[in-house]
Amino acid sequence: MKRIIAVNGRAGRIEMGRQGGEVRFSLTWEDAAGSVAGLCEAVEISPGRWSLLWEGRSFEAIVDGDAVLVNGTSFFAVARDPRDWSPADNHATGSGPAQIASAMPGKIVRLLVADGDPVEAGQGILTVEAMKMQNEMQAPRAGTVRLRAITSGGTVAAGEVLATIE
Amino acid sequence: MFRKVLVANRGEIAIRILDALRRLGIPSAAVFSDADRAAPHLRHADEAYRIGPAPSAQSYLNMERILDTARRCGADAIHPGYGFLSENASFAAACEQAGITFIGPPASAIRAMGLKTEARVLAQAAGVPTVPGTTQPVSGIGAARREAASLGYPVMLKAAAGGGGKGMRAVAGEAELEAALRDASSEAESSFRDASVYLEKLVAKPRHIEMQIFGDALGNLIHLGERECSLQRRHQKVVEECPSPFVERHPGLRERMGAAAIAAARACGYVNAGTVEFLVDEQANFYFLEMNTRLQVEHPVTEMVTGTDLVEWQLRVAAGQPLPLRQDEVSWRGWAVECRVYAEDPGRNFLPSPGRIERCEPPAGPGLRLDSGVEAGYTVPFEYDPMLAKLAAWGSTREQSITRLRDAAGRFVLTGIRTNLPFFSELLADAGFVAGQIHTGYLAEWLARRTPPAACAEQETVAALVAALASAAAPSAALSPLEAQARSRGSNWRSAGRDSLLK
Amino acid sequence: MFRKVLVANRGEIAIRILDALRRLGIPSAAVFSDADRAAPHLRHADEAYRIGPAPSAQSYLNMERILDTARRCGADAIHPGYGFLSENASFAAACEQAGITFIGPPASAIRAMGLKTEARVLAQAAGVPTVPGTTQPVSGIGAARREAASLGYPVMLKAAAGGGGKGMRAVAGEAELEAALRDASSEAESSFRDASVYLEKLVAKPRHIEMQIFGDALGNLIHLGERECSLQRRHQKVVEECPSPFVERHPGLRERMGAAAIAAARACGYVNAGTVEFLVDEQANFYFLEMNTRLQVEHPVTEMVTGTDLVEWQLRVAAGQPLPLRQDEVSWRGWAVECRVYAEDPGRNFLPSPGRIERCEPPAGPGLRLDSGVEAGYTVPFEYDPMLAKLAAWGSTREQSITRLRDAAGRFVLTGIRTNLPFFSELLADAGFVAGQIHTGYLAEWLARRTPPAACAEQETVAALVAALASAAAPSAALSPLEAQARSRGSNWRSAGRDSLLK
Amino acid sequence: MKRIIAVNGRAGRIEMGRQGGEVRFSLTWEDAAGSVAGLCEAVEISPGRWSLLWEGRSFEAIVDGDAVLVNGTSFFAVARDPRDWSPADNHATGSGPAQIASAMPGKIVRLLVADGDPVEAGQGILTVEAMKMQNEMQAPRAGTVRLRAITSGGTVAAGEVLATIE
């Protein structure tokens, strides 16, 4: 099995194969800071909870969305089958209008511009409130703002695109 | 005792009180907003009543609705917890008028301590020290020079109408005074349309140390020692401990601060649990800041060290019973440290992180205490504050209590949302904190200077392996690896971009 | 301190020790059998090594394999926990020979206390009282009359070769003696092919009270007070507390029992944690029973009341450090009660209930402590003993600690398997227990006389409603309603049929 | 919706219908000790965990296999759609050879009889051990014992039929 992986922003490739109860693996980081290969025993104790024994060392790893909690330390970690992935996937974020997405779920407490307004880079577009804290979303570049169907007082989900800058 | 007690709060403090009622055999009623139908506190109560829509103003702050609910369900007492209506004198008065016991101080005491300028005058009259300074605006550079000289440098210029750090200037010596006065006045004018500034002695590296006091209706007033709450972020306490390492090093200080706190409380006719907050300078001078006329968030550390149950005391005292202990029966054993577990992402500048909790597996073992408001499968709503739980550890020494708490923070598995647990794992290992060398500005300095710990290479490899193994079972990867590469999480707090949160 | 410590145990006690090692910064190694690959204790250790197949004899009791694992992983000390190899003098000696520190007493002390008859002689020689009686068989009815008269009635006839209650007769007065001697001898003959019987003073309604002692390698020996363990089922402790309500009512008794326990320990050159068990009669006479030369299951209640960490002490003392406290520095505060949470079904005569745990949601709040060996998703194996966790509560009074523990037992959600938590909810409310009027036969009497509480009609209705609502979502019902009708669960312990469990 | 229910051996019938966020129900016990009807608000908080508000009272109910834990008290409780159930279902246990099923998962430590042996009522057939406790399974009536494919040392599941008496 081969996977392209990224752990806390560090990219690499991993190859592994089951060998009896054990997993033989070879991990190569793209930053060329070295590679690591070995044999470990990995057991999924209950859904999402893994126990790994690797050269005597005991690790607990818990899958938490796109993070993995290893002995209490959280790593942003994703893996993808290279066959499911084409280089084109990487262009999605690079081009087109800049998107303004909510960093957290919450309620829109203020719209600071109107749809179609010209905006400067860094200008406040709207304010989202959650848990008694307000977070101002700003224009990543200058342009014309296009508000999605949002209203002051409405609720938003984390990552929801609220506006674009054209 | 009471026939039935309504708890006008939510989250961990509602559960703390509802559990105490159940243990005392007193019937209890919870209240909830529409956002809280699934909240755990309902299931710690004998009864539960809806009091309105999600916004606090229409539910947990809705005095009429809460009083009406209490009347209709037959409750003869209301416990307000902390926050919400707990320091609302009108609510306490409305309870009194309705013949319902408000479990807290009399409305008059809340009112006396509620206006901070009046509280300061009241404290002074009771002989409790306040930060030296003028209470009237300075009338010009000449007057400022004279008053600053009599206070002694360094001094602080503060806008009379001020707040939030605007119109404030620290002045180290007379040479800086004129320019500082000009700048502070100008900033005060533009911020508050009032250029008046006054002078206060500057307290360098102050500690925030507070005294827990308790009074009964028979006139007894005692203190239960101090809590050190100097670790603050944006004026919010994040770690509290009992006793204070500073007070421990200064024989007699606890007794003097305790006596001052009791004097302040007596001056306003205080009954029930209260906390007198002091600013303490490096020379062990202490100055009255304000009085919190309610149960404090951080009461567990006092309970652990004094062996008391302050919520039980609140109920007993509100029912007219005497305090369970005399002052000379209060004893302190060992040390307790508490951290406030919040739904916030330390990896993204402590941005709120409401949402569904997948796993909630608290640590267990000697000396640990958890006061929790959440459970696995619970969706933390975005409408209320981000406190999920309070995790505290007792130890026979300060070192042992810190070690236990740090270890527990690292082993607390709470997934689905982000929490500040990783922040505590690191902060509780900080050498300055472990040495007890803290002040109210310490945490901001620490956050600015800290170097994120290097990732453990073995753990990084295990994370990669498990991500790969898990992907074999269930292909997730909504992000491409290059997108993923742009994201990082965990220890990179300082570089997480400029602070875009508004208070 | 040690370079690395191997913990030769499993379950909650392995976790208790591994956590203490981690907090002290000492690298740790766990061991596991094939039945325990998924057990939580592996994940509390830095390293984990397989030591054999499921049966204990081939894994947790496999001395060579454990020693070899310690050698190969570089451990310079082994903590045996309790049970398994903890009281095996040969293992302690083998560790000593291999240059590995056995964290416990010297092999010679284990050996001296291991043979119960020799231990009794050793205690007598050290001036520690044992139950008065003959140690030689009585030679006939005439001798029996003389000896019984000198002991004073009531007396107990016991088979010299006996055990398990066979060949035992209680004798209230001389009139009963001749017949009882005949019956006891005859039963002894048929049970053990040895008709010899001897006489002991009968201790009526005895309490089991034990003293925690601790010694260091420098010759210091102190006691940490007593634990009352009189609530037993089939000679197994089920509830333990510190202090003992009986000792509290008898001024000076703690000191006398403590001195006796120290004398017994000193007589065998004791070092590290140990427990001297006494039988105590209603007149506060106490008699040496045996010494447990290891950490005791119920050590948490002593820790909670004395503010100590006995596992940490064990490690420090084994590393040659002196005891952290002198006798006059030991203090007791409040009360702690513990219950042993077992995988057994009180509704079916305490039948073992291994299997997969679906939910594991321990209670939280003031004064509670959990020492757990399990988690949600864990399959409790049938190969080992049924202890899942120890739940304990501290309170400033005995009443408060009992109330907290009872409440916590009732709120502990542990599903998928059956546990004895409902049994504790009921037992901890028993008036006799709450009054502290207990003895070693109390629990058997209580189980025989208890009336199952009537089901709360409202809860019964809710159960019916939720069963119906849940069936709408997922049709289960492997049983037809009439089959289901035949089954019942929960409170019907007494009528659960005859005891078909063999010891 | 109609259900036949049994709670701790007590049989009854329940009818219920959703009414907005609430459930109107009518429960009749077969022992004629009364019936109860009302309106309650039932919410499944997370899978298997329910919160019920009924005339102001707050209940937590957790589904635990064929039990329901209500505010900490466990009730053996099953419900069945009457359409899925015919009276014939009840005859399964009444007739045919008597079955000897293991009361707990564990290991067979002793076979006390041989296949085909005549046995008395109450006679020990085999011994199962779990968690250091041994449980002797006995013949419920006299007859000829038929052992299933079991061996001493083998493991058994809870409820597994180990032998029959013909």
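Note that the chains are named A, B, C and D in the order they appear, and that numbering of residues resets to 1 at the start of each chain.
The working rule: contacts are C-beta pairs under 8 Å (C-beta built on N, C-alpha and C of every residue); 3 or more make two chains touch, one makes a residue touch a chain.
Computed from a predicted structure; not experimentally measured.
Centres computed as Cα averages put subunit B at a distance of 42 Å from subunit C. Centre-to-centre spacing of subunit A and subunit C amounts to 50 Å, using the average Cα coordinate of each chain.
For the pair subunit B and subunit D, the distance between mean C-alpha positions equals 50 Å.
Under the contact definition stated at the top, the residues of subunit A that touch 2 or more other chains are 57, 59.
Multi-chain contact residues, meaning those touching two or more other chains, occur in subunit C at positions 376.
Taken as a graph of touching chains, this assembly fits none of the simple shapes: it is neither a line, a ring, a star nor a complete graph. Taken together, the chains touch in the following pairs: A-B, A-C, B-C, B-D, C-D. Across the complex, subunit B is touched by residues 1, 3-12, 14, 16, 23, 25, 27, 36, 40, 42, 44, 48, 50, 52, 54, 57, 59, 61-81, 84-85, 89-90, 92-93, 103-107, 127, 129-136, 138, 155, 158 of subunit A. On subunit B, the positions that touch subunit C within their shared complex are 16, 19, 22-23, 300, 303, 307-309, 331, 333-334, 361-362, 364-372, 375-376, 396, 400, 403-404, 407. Those residues of subunit A that touch subunit C in the shared complex are 43, 45-47, 49, 51, 53, 56-60.
Note for the complex: subunit C touches subunit D at residues 343-344, 348, 351-355, 358-359, 382-386, 410-411, 413, 415-416, 422, 425, 455-473, 475-490, 500-502.
Residues 29-30, 37-38, 42-43, 45-49, 73, 376-378 of subunit C are the ones touching subunit A in the complex.
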